[in-house]
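Some structures are shown below for you to check.
Next, two complexes with chain A in common: one pairs it with chain B, the other with chain C.
And then the complex of A and B:
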């Protein structure tokens, strides 16, 4: 519809000018151009200078430029919703400007568990592992993947230790059940705990294990996703439908080969009908499509995986201390919900504590964090005790009685305080000098480090990086180049 | 005019001699003389002459004029006052020092005696001045206070020149006489008098060093090893977030390429992280010097040996900060 001023101009376009002028005079308006749509603007008489009233006495009339500027600056284009977060969370895994390292060998199904790799930098195979790792959000934005041509990992001492555990699980054929090994990764800040977890996951992928990874415990407990009480649970547990559906999708992407090739062997009790003889992929797809059914689908999937003859399971979580305290969710009585009452965390913690076993064997891995970790005194104490058990068995710390004890966490981690080796701590310490040299040679070959890598240089960087802390080593030799 | 002045002073001296009781030690008499004479010879000094303390250490080798024997000189024969006047007429007081009538007698004496000494030992072999033992000579102000004479700078430097020449005599052949003579012109404390205790490596192979900077103080122990560093029980990267601080903490080792030869553990307290890191620099350098004293020049070039004495300047009354003044307001 044309604006009203336009219509008015049309109406005045009559032959009868006199009538129009009479109207104009009657309204007391000045004569205006007839066919224009813009509003009339009268020139205002310029104000004479010095005519403004003198400022009141005792009143500050300070005209700061800031306020005027703020009004003027307000015309920029805002980033679209979610754009900033996407930029922040973006995972870059390759850098075309970095040089290709000719000597870099890929990990493969055969060599991933061999001890020959110790102290070598190995590439992650693109099609099998990298996509799967990306699907389970194992890469973190803070890790320096974007510096290099393609993802590669250093097979450090702890990684070999992990590989040995995988081999132990695969080799254990005694009796009906295979072995379940549970490990907590602890260490200094930037010492490579999350990367070691990633290495564990990639070993799992390469050895055709079924990998379920909770990429960040904080995302589960920080009350950013919807939750609902699980019916018929006592004490009440809470499901997170959207999160679980998303997790199922990740599982489906990461383990698609196994899921496609396997048929249902049990009859899951689901509200949504499944066609008989469906594959597991279709089961998971049901959960992904219907978030309200996602938790029953997850349970059904777990039942399927527990059937004999199915692959071993790699169950991993990062940021464990978030899962060892009250979550941000509130119950109906406005009481905080303990993280162990969330079904996903509960599922993980049951396996970490050894309350439930993995029937086909497997590894439960939990990485702690030093930069994003709320205080969880019980977890810290248990890890400390386990480390002392490994290093100095005659000097084991005692619980400080003036600290609040989280009984559920203590109960979960009580195996750390006993001599059983099923649940233990892998201390992720500094690199040895040989490992440091290997990774620095890799930096140099990638063109990121312009210095001859000799013994003096390596040991200098090793010392400055706090006795071979790998994150600091990368910072000092690659990122903080002057 | 001058002669009349002198005769008057001699009269006064004689009077003071007469008024004192007989058994007087020679020295007090001397001092009395010394007290009186400069006062009359000085023109416009209103300050009291300071002799009391200095006279103790700077005893001049004076031998006073022999006593006047009133009996032997024809006093006994004529007797009475007239005979005494006759003696006085023939009396001539001879000053001990030939430079007594100069403006700066002590200095002149010193200068002359040193010149004479130099003439005497001039033929002895010498060493170049750079190799001569380091001596802190008295400053001109100290010398002025010692002699209580207004010595001119240039003259004093001439004397120092002689002293330096004397100091250049080959140490093996240095006569004792010269050593004694130079002692008078040396400061009480000589460089190298205070020697720090040499550091020791204890039975566990540790060498200790202490360093300070700003308000931080650090103690570092260095043992042979492969480059591990622990500060207050934490690793270097945990303790110092900034790379610059890490480097300055181990700078003494890094600058001498010893970072992979030693293990370091240290305790630091006080101040901020920059102060702590630079206190560590000094502590580590000192501990390293215990292990390898020959590294001192290298460490000095790296700037690790000298303690940086700068501290926060104190705030003063009337100032907003140490130096900042309040804004100037017209009214």
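And then the complex of A and C:
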């Protein structure tokens, strides 16, 4: 049986609240809970906390200033100095969750230049190449190295083209005139220009070349490091001591085996005394330890490398368009300094333009960028002309006379407009379907692509990636998995 | 732990971690343009910190600053110009003395800037206060 209060409540459901209370008071009965909510709903809404009367007209009530209390509350731990940058620049080269690909073969000194590698994915050997590439900052944080078990590269047809050039240089070694080959890598965004540059560097490391890489031209010209005029230079050139010292350190780490085993054969003119019979490593160490001596040390090192019997040189730069315009530095007359007046860029550009040759042969490689490239009309035009020469020789573009021409850049790249093949453009285009299939099989074997790799699937992804753009292919098949 | 040693520039000390550009611009009479010129003259890159300067460069900068008309010298010149206007009895001088707009602006509203700035003893920001 239900308790009596319930029944009483039922019987009063429809009774007016006021009437009910008055009855209750009159009868002296205790108040009981009702099964109705109308009373509370009809009652005046309770005042909200902090709500006051409507503001008077003309009184400013909006206070947008942050309260002092809120400011005092912010006691979060701040990141340590340099922590965020370190995180941003961190290079991850392995992923323990990715599967080991059993069929993956390593590149080695013997097979790196072989044409049989075309269309295969090859691993980069850990101790010889990966460490050296890391030392010269060849890996970029935006590339997908961290997705796979260990670094591996696809030997696409452009890479084989590059390998042939290395073989050409090495083959010319027997003759007196050793070849200097100069190439500019161009292509769409994410088409693998920087990775191809990295492949070139790793070929250089494997073939025991001397590798000097300027990892990012922007860092040289954006006026974030010290600069000073080079004494006795006309027109004035500018050295960058801190940057050069750092570069020497990278060179030392990447080419340590050669530097340790080679003795000085010239007498460098340095302010700091070197013991006679010193190794090149000690020479480089002088430049690293004394930034103000870094440029003379670099010059001395270059002289050493130019002696007969020294290895061929791989000279590389990424982000070429930064080097083909005015830098952010200012001269004493508050005029912008052209990038070609910075000694390091000048050194590179002299070799790219063919003004200076590499006496022991070598390759000068420059990669352009499409995502971080300031306008350099002359460079763009020269690359366009060179591409047109390769593809459609009867339809070569003309210079737009309403554009400002940077005469120094035009002069540097004038070989692109001639028939000589010493300076040329390597067009990094889309992958072929076979190459796309090879890399997608590698994705699948790494456990990153859960799909059977058949012809239809490869064609679909290849088309989605804009006719085999490798960056887009990685994005559509690995990164954007749903 | 970073040691914060003050570096003396033109008789004032600055923390090592401060940008050279910023510390130069703290002087009355040096703005973006002048500081850019100074940095270029001594081949200091725009992101250089005070602590990274060589001693010789600091001396050069101090010598250059001591030859420039900045801080109180410059303030005095500005004040002299205003006082000259007033002594000649020009309209501009009178407006300065009254703390009202000088160049024909309306005075019905919005003259707080003029009230603040138009004085005979005009000060301004900088390392030294009058």
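As a convention for this text, the second predicted complex is superposed on the first by the 412 of 482 C-alpha atoms of A that agree within 3 Å, B and C clash if a C-alpha of one lies under 4 Å from a C-alpha of the other, contacts with A are read in each partner's own complex, and residues count from 1 in each chain.
We take it that contacts are C-beta pairs under 8 Å (C-beta built on N, C-alpha and C of every residue); 3 or more make two chains touch, one makes a residue touch a chain.
Source: prediction; values computed, not measured.
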State whether chain B and chain C clash or fit side by side on chain A once the two structures are superposed.
fit
Going by the contact rule set out at the top, does A:299 touch chain B (first), chain C (second), both, or neither?
neither
State whether A:480 touches chain B only (first), chain C only (second), both chains, or neither.
first
In the superposed model, which partner reaches more residues of chain A, chain B or chain C?
B
A:98 contacts which: chain B (first), chain C (second), both, neither?
neither
For A:289, decide between first (touching chain B), second (touching chain C), both and neither.
neither
By the touch definition at the top of the document, which applies to A:332: first (chain B), second (chain C), both, or neither?
second
Touched partner set for A:226, first chain B, second chain C, both or neither
second
Give me, in Å and rounded to a whole number, the least C-alpha distance separating chain B from chain C in the superposition.
31
Under the touch definition given earlier, write down the residues of chain B that touch chain A in their complex.
226-229, 235-238, 243, 246-247, 250, 254, 257, 259-260
Contact set on chain A toward chain B in their complex
188-190, 430, 433, 455-456, 459-460, 462-467, 469, 472, 475-476, 480
Give the list of chain C residues in touch with chain A in this complex.
2, 36-37, 39-41, 43, 45-48, 52
Quick one: in the complex, what on chain A touches chain C?
81, 223-229, 238, 328-334
